[in-house]
Amino acid sequence: MSYQWDFAPVVANAPLLAQGLVNTLKVTGTSLACGLVLGLGLALMRLSPRHWLGWPAGFVIEVFRTTPPLVQLFWFFFALPLIVGIEMTPFLAAAVTFSIQSAAFFAEVFRGGIVSIERGQWDGALAIGMSRRQALHRIVLPQAVKRMIPAFLERAIELMKTTTLVATIAYADLLFAANEIAQKTFRPLETFTVAALIYFVVITAFSVVARAFERRLAVSGESTVH
Amino acid sequence: MKWDFASVLGNADALLVGLAGTLRIFAICLVLGLSLGLLVGLGRYARTRWLYWPATAFVEFFRNTPVLVQILWFYFAMPILLPFAISPLAAAALGISLNSAAFSAEIYRGGIQSIERGQWDGARALGMTFGQAMRRIILPQAIKRMMPALTNRAIEIFKMSTLASAVAYVELLQQAKLIASLNYNPIEAYTTVAVIFFVLLWPMVQLTYLLERRLKRDE
Amino acid sequence: MTLLSVRGLTKGFSGNAVIRGIDLDVAKGERLAILGASGSGKSTLLRCLNFMEMPDAGTVTLDGHAIGRRESELTQVRQRIGMVFQQFNLFPHMTAVGNVMEGLRTVRRMSKADARARAARELARVGLADKAETYPAHLSGGQKQRVAIARALAMDPEMLLFDEPTSALDPELVGEVLNVIRALADEGRTMLLVTHELGFAYHVATRVIFLAEGVIHEAGTPDEVLKNPRQERTRAFLASHKEFSL
């Protein structure tokens, strides 16, 4: 059976795909930014000697790492609005879910990064009269952050792939757009192949940039691997 | 607000069916993914061009495209090319397995590469072939190092099983959707399923931590 | 004039007592060498003086005021007592001059220009003016330690604590660091020096104490302790440092 490939209908719907890609990047970007801030907060809570801070943070991190992202997404989209009584849009549900999820991941990376800074750095900072807070801000955290950049970039790429899940709650990301187009044009083969290729190109591009960045960091004399 | 877990428990049989579906696809993808991954990983480590480049292309493509896209492609797009229909299970299993194979290939390659040169030298000096050295000396040591990453992969595969619900494969999340739509209790339905996943995955996560600590201690 | 006074200092780790009640007075301008075998508590003693380790018991008095435990007080004390570590502990993400400036900027709140000028002077004093913009990763061990000394000096400390400053250095780099310390001694700086360089201690110190099992086993002038030790343990310790000869 010889199949006639016809990409014309897909090309005709290019604007829809473009908008879908934009929405994908919107969700990814928002979740990354929020996740980073929230993740640092969670990490500092975990590192704090006060147990009433450390325990809830640890609980949140464990729950979000031990349950499937799609279940989390459905819960935030269908269940949370009923509990809290708010309007939940697909974008909001996605942003909240992926922000907390990323935060849980980043919290562990931050914690590992801070802990990996050797004792001697704390000593050096305290010995010239810095308070613990100053030592953390000026000496330990800057070094820890540099070590965590590879993990952060890795996570950003992962997140771009995970956000395809929002298509299941009818958010108009790239995958959702592709699905709509496939149904409209009766050309699922061409549509989904194009969608897959677009994802591949975008994600590979980010990967290449991330790896180049890592190499630059390694060369500048700062070791990112420990 | 009244929480109604009774209706969820009343549908316990539906949940059990879902659980069976989750475990089935997990087992299939775990076996397929990790074994195909080993082959591809060895291919990535090979020095001959016609093994290395296809393996690399495979890894690059299946790591840099989202699993859900692959699943939908296998379910909607592939049947157009092939003369037979594809079941939701097959489509989802294909997508998840190939993705897992790509990720585990890199774990295998990293593990093998981490075994220092001297081990190869020692094996070859005794007259072992590449295959014998790999099987008897390198892989046994590498596997120990790779265990934390591989168990992590297994956990990811388990979590990815929920994606099969996108093509209406009957697993836990799909059943949760069903229960929620029949009884109008999304809170209880999704919370229950979240708890079930947590209970199932938590031992595996703890195992990963344990393996990581053991590895750090022994190295 | 007594600058630092220690009474009944005690410190232990996980049930093992490392320092068992030490009394010590350090006068202004004194140069005290602290000797002892590993595990005798030399480093711990030093680290207790600027409260990098918290003593279990005892008092440390600086200029007549007993030092309390509050962080605000401790940060003040640490500005007055400088410390140089065996492992240098330079900040790798800052240049040499950046390292020296750091205390002035962050703790003393100096302006960038003032801090930089002061830091440049200190680096010149230890002979590293040309390495100001170099990162620690590109410095030799001896250079790193000299930057560390400059960093401590920049804070204008009343007293300097040296915790085995040359033990982590290759032999050929030890000299450049000892020369800097000797220059500081010649200026009349008050310093406590934990070291294995017995020859150096003999020539530079005004007083020597020998620590064993967490207490001061013997104390006196360099001539007394290093040339004519009274205690058997001191003699045994000196004998095991065969390269030491006067």
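So that you can tell them apart, the chains are marked A, B and C in the order they are listed, and the count of residues begins at 1 in each.
The rule we apply is simple: a contact is a pair of C-beta atoms (placed from the backbone, for glycine too) under 8 Å apart; a residue touches a chain by one contact, two chains touch by 3 or more.
This one's a predicted model, so the numbers in the text were calculated from it and none came from an experiment.
> Just grab the chain with the largest centre-to-centre distance to chain A, centres being mean Cα coordinates.
C
> Could you find the two chains linked by the most C-beta contact pairs?
A-B
> In terms of CA centres, which chain lies closest to the overall middle?
So the chain nearest the centre of the shown protein is A.
> So the centre of each chain is just the mean of its C-alpha atoms; given that, what is the distance between chain A and chain B in Å?
Inter-chain centre distance comes to 20 Å.
> So how far apart, in whole Å, are chain A and chain C when each is placed at the average of its C-alpha atoms?
Those two chain centres are 47 Å apart.
> Compute the distance, rounded to whole Å, between the mean C-alpha positions of chain B and chain C.
One centre to the other, that is 56 Å.
> Where on chain B is chain A touching in the complex?
For this pair, the touching residues of chain B are 1, 60-61, 64-70, 72-73, 76-78, 80-81, 83, 158-163, 165-166, 173, 176-177, 180, 186-187, 190-191, 193-194, 197-198, 201-202, 205.
> In the complex of these two chains, what residues of chain C are touching chain A?
50, 52, 71-72, 75-76, 78-79, 82-83, 85, 87-93, 102-103, 106-107, 135, 137-138, 148, 151-152, 155
> Mind pulling up the chain A residues that touch chain C in the complex?
120-121, 123-132, 134, 138-139, 142-143, 146, 221-222
> Please name which positions on chain A make contact with chain B in the complex.
1, 3, 62-63, 65-72, 74-75, 78-79, 82-83, 160-162, 164-165, 167-168, 175, 178-179, 182, 188-189, 191-193, 195-196, 199-200, 203-204, 207
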